[in-house]
Structures are given as structure tokens and as C-alpha cells.
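Below, chain A partners chain B and then partners chain C, in two separate complexes.
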Partner chain A sequence: MRADVVVVGAGPAGLATAVALAEAGREVRVIARGNGFTHWAPGAVDVLARAGGRPVDHPSDGLPLLPARHPYRLVGEPLLRRALDRFQLLTAAAGLTYEGSLDANRRQVTALGTLRPTCLLPAPAARPLDGRVAVVGLDGFRDFAPELCARGLRAAGHDASARSVAPPPWGHARHFHAVDVARAVDDPGWRARLADRLGPATRGAGVAVVPAVLGLAGGHQAWADLERRVGVPLVEAALAPPSVPGMRLYQVWLARLRQLGGRLQLGFPVTGVEVADGRVTTVVSEGASRPVATRCAEVVLATGGVAGRGIRAGRDGTLVEEVAGLHVEGFGDRMGFFAEGFLDDHPLGAAGVAVDDQLRPLDAGGAPAPGGLRAVGGLLAAHDPTAEGSREGVALATAARVAELLAPDPSPTKG
Partner chain B sequence: MADLETQVVVVGGGATGTAVLRDLALRGIDAVLVERADLGTGTSGRWHGLLHSGGRYVVKDPVSATECIEENRVLRRIAPHCVEDTGGLFVLLPDNDQAFGDAFVEACARTGVPCEELRPAQARRREPLLTPRLTRAFAVPDGTMDGWKLIGGFVADARARGARVLVRHPVVGMERDGDRILAVRARDAATGEDRLIGCQWVLNAAGAWAGRVAALAGGELRMAPGKGAMVVMVGRWVRGVVNDCRMPGDGDIIVPVHQVAILGTTDKETDDPDDNSVDPAEVDFMLDSAAELVPAIAGGRVLRAFSGSRPLYKAGDDDAGSRDLTRAFFVLDHGGRGGPGNLLSIVGGKLTTCRQMAERTVDALVARMGLTAPCTTATTPLPGADQGVHRLAEPLATVERQAGYGELVCECELVSRRRIEAAVDQGATDLDDLRRQLRLGFGPCQAAFCGWRAAAIVDERRPGATEPLANLERFLAERWRGQRATTWGDGAVQALLNQAIYRGTFDLAPAGGGRGTA
Partner chain C sequence: MLHVQQTADACVKCNICNTVCPVSAVTDLFPGPKYEGPQGQRFRAGLDGGSSPDRSLDWCSGCGLCTQACPEGVMVAEINSVARAELVRSRGGLRLRDRLVSRPELVGALGRPVAPLVNAALASPLARRLLERALGVHRQAAMPRFAARSFRAWARRHAPPAGATRTVAYFHGCATQEYEPHVGRALVRVLERNGVAVTHPPQGCCGLPLISNGDYPAAGRSAARLVARLSPAAGEPGVIVANSTSCGMTLKAKYRELLGMEDGRTAAVSRAVHDICEYLAELDVEGALDRSFHPLPARALYHPQCQLMAHGVGMPALDLLALVPELEVELSTVGCCGMAGTYGTKVEKYQVAMDVGAGLWRQARDLRPDFIVCDSETCRWHIAKATGLPVYHPVQVLDRAYRFRPPGRP
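Our next item is the complex of A and B:
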């Protein structure tokens, strides 16, 4: 097979890169083991929630506190800002509205009733918690406990109370997941019947907090319709994976990629690259019956860090980059991987591939190698997506940087 | 003036203490058990789960071997629901002393441990992942035992017969009058209030902690706890127990228990029975040793490691007279040792023989009390015994029978909402107690999905009994403690994904860090 650019990985960084390159006029093929953090994270755009060990209220103010090799420092604030603007335009055009800006973090309600800091919020999570808050769950839904959520909101000073409604009749009896509910909500008839139940449960409330399951296929349209029918602002609370808001985003990126002629191969881990004359020529991936070689001019690695399986952590403390065997700074032994507390900053969370300011991987001696290879997103060294709360921001900023580098002459956007 | 009056206070809620409590109850002797934490939180909750056939001891310690096979049979009879009948193999590797094979067979015959030699090909049909290098293999009636279930059964039976149990009541003192203990002072950990339990006798079944308890009564008892580390693998790897056929030593066993395999064990002397740390070198050693028996295990995912303190006691010369029993365990009468005249300590032993230890201890007590009440624990089944032996597939079959998938809170261990509610109704509110009772959070995801669900259910069922997020954070911290030394490869991926849920999505803050507010 042949492609102009191969992007390895289909998480936020891989998809954002593929779309940005396709918009810049390059022919792109994404090859990935499976879904990435779109399905794991709660569907917001985290840019910078913590820096230097402290919470950050204004991401732009936190950027100078980051280490010099941090991806944001490599790409610069202006490009990060443009990347967020472009993301908001792209998603809005596809029916997903993201609110917020780099200048102030916002708060996303979670199923635990905590308020997680993030930068851009999808509209269904962005309504202010004004007045009395009705937290409404669905009977039999394991992944949202309304009283737990209400309790957390009360602790944060809100006048919140919990109730639960029975889902309208459907085929799932007592065995269903967030995605099942989201698909049911996509059906206008079921949605109307759900609204009939949510109405009484939210009467008199200033706002209602519900699990993030309000539709999957049509962007934010199902949420907006339901809100109109119920007559109370609806706030989607972030749930444990799989993330319906993240899956909406995945669908938008994928649709845009396909619209621009890009391709996605999911379920085929990339196992290696071939190099000739110091330059990558081919990506080798698993195929149905035998390895598949895809010849290409450029490769962008968006395979993630250890969490995304871009890097494998060995029993002896070493770290191995899985696709190209790139240099990754390891640890003396495995006791260095993790901190003492489960919720602490784990050194392994920040492990990754060091790159130059053109996102070219550096070897142990600090020299770029080999040609035609770039790295984006969670794979990059010197940042911890979870501990910093920077996952989607780094993905978008480094994707924008690669698009800029691989399409240096900015031509009008296609599509 | 005592708050409670009883004939006997039993100190320690492990396998031995609870077996003693049940034995007393069956003989019609009134007793109160006090435990500093929850039941089965000491050594009895920190072992590999092996129901010994005795094979491990036939050569080195034949008395223990015979005790083990006797008790193996008794436990299968009185508590079959706590036993999984996996069978076991002793596998002779080419690097072992080959003469040990014949010695093993002869010793089995002498001690009464059933043993059948299998041809290597037969052994590998039975255990397909066994090393092809094995030279001989012997089948023995090893099994696995759910220690928490057994302890729960002892306590339920004892309570039904009038015994009382105070958990989270550490003993803080003993009231003495001359050489008699008049009362045991236990402190309610929840309220900080002391309760004085008036009694005629005290049985010290505190295991590795028995020296400390004896000291509170002015008795002297020098324990020499041995720390044993174990490694938990994702998946069972073997159908039955696999033993390395050599003299007992470090890293010689693989025990398939519930959904996991436990590799055991090491033995290090320690001064502190509360030291549960595991050295990474111990993990490596046990993984490498297990891979000698089952090579594929080397590429497996290690889930966690833990250690327990063996209640070892080194008998001195002055103990000759008080060595009532066998080499495996001792009942010490402090009256002959300058301590109080109504204190007995029971030390040593192993989980497989806990019932027998209780029998001999209570026999000794009954003689001193001038009573004649025969022991019936070996023939009286525990509540639940009518369920028959535990089968691995049973939890899944139950879920299917009840069509209860939607009720599952912990998918890894098939723990349903109604089982959690029932446990909460009986007083368990701490997630770590639910873990021991129900196996909540034991599986490969280590509470990634069930932890917060369970915290919410506890709060719904018993509003105000716990602060749910604090309960959750304690549980996550406890689960993590056993993982640092064992986390690489796929385990490292899981750990970071779990952190992405709890810290990333749910915004739980590291200890000492502030949580954000609106």
C-alpha cells in the first residue's frame, strides 16, 4: 500500500494531526491499534490544569512555569491559541460546540460531584450551575449515582438534590451501558418519552445535572432538543469510560478526515518502520493474515505514552518505544516508575520521546533521527497528560505544529 | 465494674482465634472475641490460599504432614464451600536432587499423604503449561481455601451459638489481681472508648502479634515472625496447585485461587509483624522461580504483591514442659512461666490446621477449667456447607441464573449490587472490608470501575456512615500499596489508565493536594 503521510494512532493527537494534514492538502492514512483517549477521557479539552505542583486557573499564565522541553514550550503559545481556535471552528461546523478559551479554565461536573478543571467545555457540560440543582439519574444505570453526585455538589456550595427516573420502555431491561442510553436518546421518540420523565423530576430547578449520555450520532443536537423539551438547562456530568462526549468528538474528526479523502485503519497495530538512507520509507503493520507494508513520504507517531501503549515499560526499568525503537530515557529500576501514592504524579506518566522544536525525535546524543519521522501528543517527553491536565491541548498544539511543518505554504483549506 | 462479662476472652480474629471461638461455642462455653482491626486482616488474610495435602512437609516435618492431611479431610467435610478441589502436583525439575523423588514417595506413604506418580506426559496433559523439562510428577490432594470465607463461617456459627465478636477493638490492657487476669480492656476504635470485659480465662490467639498481647498481661512470649511475600498473577495459569518437588524453600509453589494465581513464598525474619512491604527483588525471584515450573508465566502480568507474617515461635529449653502438642504449634500456659495463671497463648501453626489448633487449645483450657466437654468441631458442618465444594464457574453461573449482568458492580469478580447491599446491611461500610468479604476490586482492573460504584452504594444504603470519597481514596491507596513493586508492562498501562479515571476524569486529588471548587 502507499500513502503520502501515515499517522500512527487514532487518539486525539493522531486524529487532530490527520485532519490538520488533510486540510493542508496532504493525503493521509491513519493506522491504529484501536481507539485512544477520545473514548477514555471525558470529552473536554484539557490544556493546563496544574503546573509547578499547583492548580492553574488561567492556562496561558501557567505556560511559562513549564519546563523548557515541554511540548507547549516547543510549539509556543500563539500556535496553541490558533490550534484551539481551529478546533472550535471545526467542531462547531460539525454540530459540536466547545465553549471557553485559553485565558481561563472552566469546571466540568463529574459523576462524583467533583468539578474538574478544563479549558474548553462541550456545550452540554457548560451550563452554569445556577439556582437549585436537580441531579437526575436513570434507574438501573450503574455508572451514575445521583446522590453521590449531589453530595459532591453540595460540598462545593451548590443547592443540589438527587432523584432518579426510570428509563422509558426499551429493549435493555436492567443491563445497559452509557453508549446504549446515548443511542436510545438519538431516537426522537424515545427522547420525547425521556423528556416527559425528566420534566417532573426537574420542576422548579434552575439547572439539571444528568449523566453524559444525551445522544451520540448527531453531535449536540439531541442534548439541545431534550433541553428544549424539558425546559431546564441540562448539564452532562463526566462519567468513567467509555466516554460518550469523547466518542462524539471522535466521530466528528473521523467524518472530517473521510470528507477530505483521508483513510483510517483501526485494529491493526503498527509493528515497525523501514528506513533507507536515513529516512523512513515504509510503515509495517499487522494485517489480517500477514504484515502489511505501507510506503509513505512522512510518518507521524501519535501512539501515546505508556498509557496509550506507545511505550512499553520493562521489568528492569527500561522503556521501549514500540514502533520505531526511538530513544526513551528509562529508569535505573522499576521502582522509579511510580510514586508512593496512587494519585500522586507518577514519573512514568511523563515518560516519552524527546523531540526538537520541529517535533523530530532525538536520539540519545540529542541528534534528530531518522528523517521523515515526527512525534505528537502523549508520546512526547517532558509532560504528564493526567497530572498536568494537558492531554487534548498538547494533542491539538502538536498536531497544528506538524501540519504547519509538513505544509509550510499555507494554502486555502479544502472542503 | 466490667462492661461485659464472659467466661473466656479470645484475642485475635484470624483463623485460629475464630476457630477457637467456634470451638468454645460448640462446647457451651461463653466467649467474647476481640480483634484490633477486621476479621482476617492479619496473617490469615495474607497467605497464598493453599489447603495443604501435607505433601510439602512429608520429608522435612512428618508430624505436620500428617496433621495437614487429617485437617485437609476435615475441612473438606465441614467447610466444603470454602474449598476448591483443585488437586496438586509435586514436580521434580532436572536441577533438583533426583533422589528427592523417591524420598518424597516413601515419606508420603509413611505420613499417610495420598500420592500417585504420573508419567511426565500425563502430568502435562493435566497441566498443559508445565515445563517439558520435568523428570517426575506426583499428584496429591492439595486444594485451595478461601480463608475469609472460612473465618466468616466460624464466626457466623459461633455467633449463632451465643458467642460475641468485637472487631476494631484493640486490646490496650489487662486488669490483674495478683496472678489472675480479671478483665481485658479493649478500645473501640470508632469512639475511642474503652470496654472492660470481665473473664475467667484469656486465650491469646494474636498470631504474630501474640508477644505484644502477652506483654499487656505481664506474660512473656518471644515471637520470631517470618515475613513471607507472595506475588499475584492475572489469570490462574494452572489448573491445580503446582509445587516444586524439593525441600521446602523460597519460591516453590503456584496456587490457583479464584481468578488469579498466587506465587509463593519467601521467608525473612522481621521484628515488626506489621511490616507488609515487599522488596522488588523478592518479586523477581518468585516470578523467575515460578517460571521454572511454568515457563509461560514469565511473560504474564503481575497484579500485585503482598506479604504476611508467619506466627513463628522458637521454643526455648524452658518450654519443654509446656510443649503440649506437636512441633507445628504450641499452647503455652503462662501460669508456669511467671505470667498470669489464666492466660494461654497459642502460637505457630498454619491455616490448614487452624481447627485442630483450636481443638487442642480448648482441650487444654477445658482441662484447666475442670470441665468435661468434648470437641465436636471436626464433625459439625459450618453454615453453608450444604453448598458443596466451591467451583470456579459458580459465581458466573449464579449471575447467569439470575440474569444479573446489569447488577454487577465489580465485573472482574462478579460482585453484584445486592451482595454489596447485604454486606452493608450487616455492618460493612469500609470498601476494604467489602473487598475481603466479596472480593470486590480483586481483579485485573484493581477497582478502576467498581471502586466508586461501591462507595456510592455504601453511601446510599447507610447515609452518613462514611464520607464516600474518603472511603474511595482509602481503598485506592490500599490497592496501590501492593502494586508499586510489581507494575511494569501491561500492569503499568492499567495503572496509568486508572489514574486517568480517578485523577483525570474524577479529579480526586493526591493526598495533601486541594480539590478544586467552582
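Our next item is the complex of A and C:
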């Protein structure tokens, strides 16, 4: 098989990179072991929620506090801003409105009633929690307990109370999950009947918090329509996976990629690269019965850290980058992987591949990896996407950097 | 390599598989791959499947999209397949209808001598109603017609051109042999055009329908027989091309994963098998594909079949079709057409199969393509029936673009 650029990984970093490269005129093939963080994360754009051990209210103010080799420091704030702007334009053109800017963090309501800091919020999660808050669940929906959410919001100082409505008649007699509800909401008739039930349940409230299930196929249109019908601002609360807001984003990236002729290949992990004369020539992935070789001019690794399985942590304390066996900045000792508490910031989360300012991986001695190889997103060293709240910001910024590097001088596509 | 059942341990309960399942999206009868697969597996004893706590797994169509979407390497669809086989075993085997639809070779042998009669009967609404009543084959389900002459009858008398520079063996499978010899002929012509000689080793059913329906012992017998017959070709010429994507996928991976055939001979056959478009795309990468296609001024909708994606080679047909001048190809946005081999023929599952494909029918209505392209035969029949459009295998399109100049062009 053959491609101009192979992007390894289909999470936010991989898809953002693939789209940016395709928009820059490269022919892109994404090869990934499966779907990624789009389906796990709550669909917002986290840029920087903590730096230097402290919460950050203004991401732009936090940037100077980051270590010099942090991905944001490598790409620079102007490019980060442009990447966020471009993201907002791209998503808006596809019916997803993202609100916010690098200058102030916002808060995303979760199913637990906590308020997680993030930078860009999808419009259905962005209404202010003014006045009385009605937290409305759906009877039988196991991923959203309105009492739990309301309790959390009260602890955060909001006047929140819990309600629940029965879903309008539909085809689900037993359990259902978020995507089932979202698909039902896509149907205008069912949506109108749901609005009839939400109306009374939200009476007297200034705003209603509902699970993030308000439509999947049509961007934010179903949410806007429902809000208009109910007559009360609706705020989607982030749920445990699968994340409907994240899937909306995934669909936008995938549709744009396909529109530009790019491809996505799921289900078979990339296992290696072949190098000739100091340059990557081929990506090798698993196939049904034998390895599949894809010849290419450039490779971008967007495989994630340990959680994304871009890095394998061995029982002996070794950390290995999965695709090209790149050097991983680690800790030497397995006991150093973890902090005390389950929800503490674990050092392992910051394990990653060191890169230069052109996102070329560096070996232990600081020498660059074979030509044609670059790394983006959670795989990068010197940052911890979870502890910092920087996952999508780093993904978008490094994707923009790769597109900038590979756009002006496209290499010949023939392998 | 981990046993299929052991991969359940890697499940992180993220539900990604449930979001891509085309069956649970349209019916409550199937609760979704996570529940049947890695969740249900915890209640089944032993690695051979164990008794299943939930018979709803029979509604899994086996499309495999769950396995492809899983980021953790859980073989969700395969776990379900093994569990279904155990369910079938515990019931004492397949019911009559499923025993018949899972034996295309037998159906072919019985039907071939009286082919005109069978074709006429299958075209008769009354006969179809009777068939539905008697056997449970849905009266509306797409059914192929016996060809006047089988593929091998043609191949025996086909004189290959001289000057071939390489050779491949051709696994044509049951559908090409009995119903679509024209697809096989197109495949041979396209290969010969590129200097590839084609041999036709003795073969037979790969056993996939038996696997899908849950009769592993019978599937194992088909598989062992086919491996024995194809084994010489795996040594020389070393490449076996297949135009039935699902059968090819079965030969490549399912004998090992599901039937536990881990011997060297099976492995050699598995490694030798190439989907025909995969092989042609590889020729093109080598610079060995004749790219001199005539223009084909038409609009096509390409539906990459679910199990094609289980080859792990992407969509080689799309690369090949892109070489045909003036052919405009739109990509299907639907992961599965619903047919899933024999699934969509069953009276209780036909509507599910139609509902699964609804997005594709809509896309075809909106796009109004001149034709649809799909690599898999049963999908082609289902899609043709549902959309009323002609549906071709990619090699048929390539064959046409090699042979025919558009009227009035130099």
C-alpha cells in the first residue's frame, strides 16, 4: 500500500494532524489500532488548567510557567492561538460551535456535579449556570444520576435540584446508553416529545443541566432546537464514555478528512517503520494474516502516552515507544510510575518522547530520529495531558506545527 | 498470541464498541457488543465458549466493526462468534434452514443440474412465500441466480494469453463458481492484462457461513479440506487471490482465531491469500500495474464492506478506482450494509438487515450514482435489491475501463 503521509493514531492529535495536513494539500492515511480519546474525553478543548503545580484561570498566563521543552513552548503561543482559531472555524463550518479563548478558562459541568476547567466549550455545555438549576435525568439512564449531579452543584454553591423524566416511547425496553439517547434525539418527532416532558420538569428554573446526549448526527442543531422548544437554557453535563460531544467532534474531523481525500484505517496497530538511508520509507501495520507495508514519505506518530498505548510500560520499569522503539523519558524505576493516591498526578502520565522544535523525536543523547518521523500530542515528553488539562490544546498546537512544517515543501508522493 | 476469549481481559468498559454496532443501533433485540462480548464472557466458563447466559447474542451479525473500533485489542465479534458456536452446540446443532444456508457448496451441487427451475422458482413470489413458510428464508431477501455456466466450466476452456511474467492461484469461492462467473472472468482478464497468469486449484467452501451460523465442527471440516486443497498453491505460486472478501478474511484469520487451526500448513495458506484489490494495489505500488484505463464517465458510490476492513489493508479498491479517468467515486458513510452473509436472508432478521443498511439506501437516493461498487457478493445482492441500482465488484469496473472506450472518443 502507499500514502504520502501516514498518521499513526486516531485520537484528537492524529485526526487534527491528518485534517491539517490534508488541508495543506498532503495525501494522508491514518492508521490506528482503534478509536481513541475522542470517544473518551468530554468533547471540550482543554488547553491548560494547571501549571507549576497551581490551577490556571488564564491559560495564556500559565504558558510561561511551563518547562522549556513543553510542547507549547516548542511551538509557541502564536501558533497555539492560530490552531485554536482554526479549530473553531473548522468545527463551526460543520455545525459545532465552540466558545471561549486562550485568555480565560471556562467550566464544564460533569455528571458528578463538578465543574472541570477547560478552555473551549461546545455551545451545549457553555450556558452560564445562572439562577435556579434544574438537573434533569432520564428514567432508566444509568450514566447520569440527577441527584448526584445536583448534590455536586450545590456543593459548588449553586441552587440545584434534581428531577427526572421518563423517556418518550421508543424501542428500548431494557438498558440504553448515551448514544442510543443521542440517536433518538436526532429524530425530530422524538425530540419534540422529549421537549414536552422537559418543559414541566424545568419550570421555574433559570437553567437546566441535562446529560450530554442531545443529538449526534446534526452537530449542535438538535440541542439548539430542543432548547428553543423547552424555553430554558440547556447545559449538557459530561458523562463517562462513550462521549457524545467527543463523537460529534470525531465525526467532524472524519468527514473533513474524507472530503479532502484522506483515509482512516482502524483495527490494526502499526508495529514498526522501515528506514533506508536515514529516512523512513514504510510503515508496517498488522494485517489479517501478515504484516501490511504502507510506503510513505512522512510519518507522524500520534499514538498517545501510556493510556493511549503509544508507550508500553514494562514490569521491569522500562518504557518503550510502541511504533519505532523511540527513546522514552522515564523514571528508571517502576516504583516511580505512581503517586500515592489513585487520583493524584502520576509521574507515568508525563512519560513521553522528547522532540526538537520541529517535533522530530530525539534519542537519549539528543540526536534526532530518522528523517521523515515526527511526533505529536500525548506521546510528547515534558507534559502531562491529564494533570495539566492540556490534552486537546497540545494535540491542536502540535498538529498545526506539523502541518506548517510539511505544507510548504511537499515531498514527492511516489514511494 | 492470545486466545480470542482472553482478550476480554483487556476491556476497559469504554463502550466504543457499542457506539459502532450497526445492529444494536436499530434493534433492542441485540444489547450491543460490549454486553455480549467482554461482559458476557465473564459469565461463560472455559476458553471454548462455555454456556452463554444470554441467547440474544444470536442477533450479532458478525460484521466485526466492534473489533476494529476497540482501542484495547478486544476481539469482540470473535468472542461473540465462539459463544454462539457453543450456544448452537448446546442446542444440538443448527436448525434445518441454517444448515442449508450455511452450505453454499451443497446448495450449488443440488441446484446446478436444475438451475433454470431453481431460478424460476426463486423469481416466483408464491414460491418465495412457501420457502419462507417452510424454511424461514425471508420472501424479500436478495437471492442470487444460478449462472448458465459455472466459472470452472469457463476456466477449463479459457486459453490464457502468452507472455505472463508472474502467476497467482485463484480462490474463486462458491458465489463466483455458481452465481457470478462473470466476476471471475473479469478478475482473470484484469490479471492477464497485467501479465499475471491465473491457475485454478481445486477448492470448495471456506466454511465461513458455517462459522457465522455457529456450526464450528462442520466449519472445521470444510476448512481442513480447503487448506489441503490450497496448500500446494501456497507453496507455488505462493500467492492466492480471492475476490470474496469475507471468504478471504476467513482464510487469512478466522481458521486460526476461531477454529484453532494453528498448524504450519494453515498458516502458509493464510499468508498466501490476498484480496484481489489488495494484490492489484500492491502491483501498482511496485509500478507493475497497467494504468492505461479508458475513461469511464460515470458516478459511482463505493461501499467498503465491513469485513473488507478486517483485512487491515484499508480500501485498495478506492486506490484502483481512482486510476480510472472520469470516474467519480463517492465513499459510503455506512459501516455495514446489514446483509452479513446469510444473516439478512433469515425471516426474523431481514428487517434488521434492511434497517442497518438504511443510511446507504439514503445515500444512494441522494447521490443518484450510475452504479454502486462493493467487494463482497452477498452485500452486492442485498444492496442491489434495496437500491434498485447495479452493484459491481471493483474488478468488473477495472475490466470495463481496460476494454471499452466510451462511445465517440478517440
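Just so we're on the same page, the second predicted complex is superposed on the first by the 406 of 415 C-alpha atoms of A that agree within 3 Å, B and C clash if a C-alpha of one lies under 4 Å from a C-alpha of the other, contacts with A are read in each partner's own complex, and residues count from 1 in each chain.
Throughout what follows, a residue touches a chain if its C-beta (ideal position, glycine included) is under 8 Å from a C-beta of that chain, and two chains touch if they have at least 3 such contacts.
All values derive from a computational prediction rather than experimental measurement.
Applying the stated clash criterion after superposition on chain A shows that chain B and chain C can sit side by side. In the superposed model, A:Trp40 lies in contact with both chain B and chain C.
In the superposition on chain A, contact is made by A:Gln265 with chain C only, not with chain B.
In the superposition on chain A, contact is made by A:Arg309 with both chain B and chain C. In the superposed model, A:Val292 makes contact with chain C only, not with chain B.
Once chain A of one complex is fitted onto chain A of the other, the partner contacts of A:Met1 are limited to chain C, with no touch recorded for chain B.
Of the two partners chain B and chain C, it is B that touches the larger number of chain A residues. In the superposition on chain A, A:Pro241 makes contact with both chain B and chain C. In the superposition on chain A, A:Leu129 contacts chain B only, with no contact to chain C. Judged by the touch definition given at the top, the superposed model places A:Leu343 against chain B, while chain C stays out of reach. By the touch criterion stated above, A:His175 is placed in contact with chain B and with chain C alike. Remark: least CA distance from chain B to chain C after fitting both complexes onto chain A is 5 Å. Across the superposed pair, chain B and chain C both touch chain A at residues 40, 173-175, 241, 309.
The part of chain B that touches chain A in the complex is made up of residues 280, 284, 403, 405-409, 417, 448-449, 452-453, 455-457, 459-460, 468-469, 473, 476-477, 479-480, 483-485, 487-489, 492-493, 495-511, 513-518.
By the touch criterion given at the top, residues 1-2, 29, 31, 33-36, 39-40, 171-175, 177-180, 183, 241-242, 247, 258, 263, 265-269, 285-290, 292, 294-295, 308-309, 415 of chain A touch chain C in their complex. Those residues of chain A that touch chain B in the shared complex are 37, 40-42, 46, 55, 107, 110-112, 114-117, 129, 140, 142-143, 145, 147-148, 151-152, 156-158, 173-176, 238-241, 243, 305-307, 309, 312-315, 333-335, 337-338, 340-346, 348-349, 385-387, 389, 391.
Across the interface of their complex, chain A is touched by residues 14-16, 18-20, 25, 27-28, 31-32, 67-73, 249, 251-253, 256, 270-271, 273, 281-282, 284-285, 309-316, 318-319, 331 of chain C.
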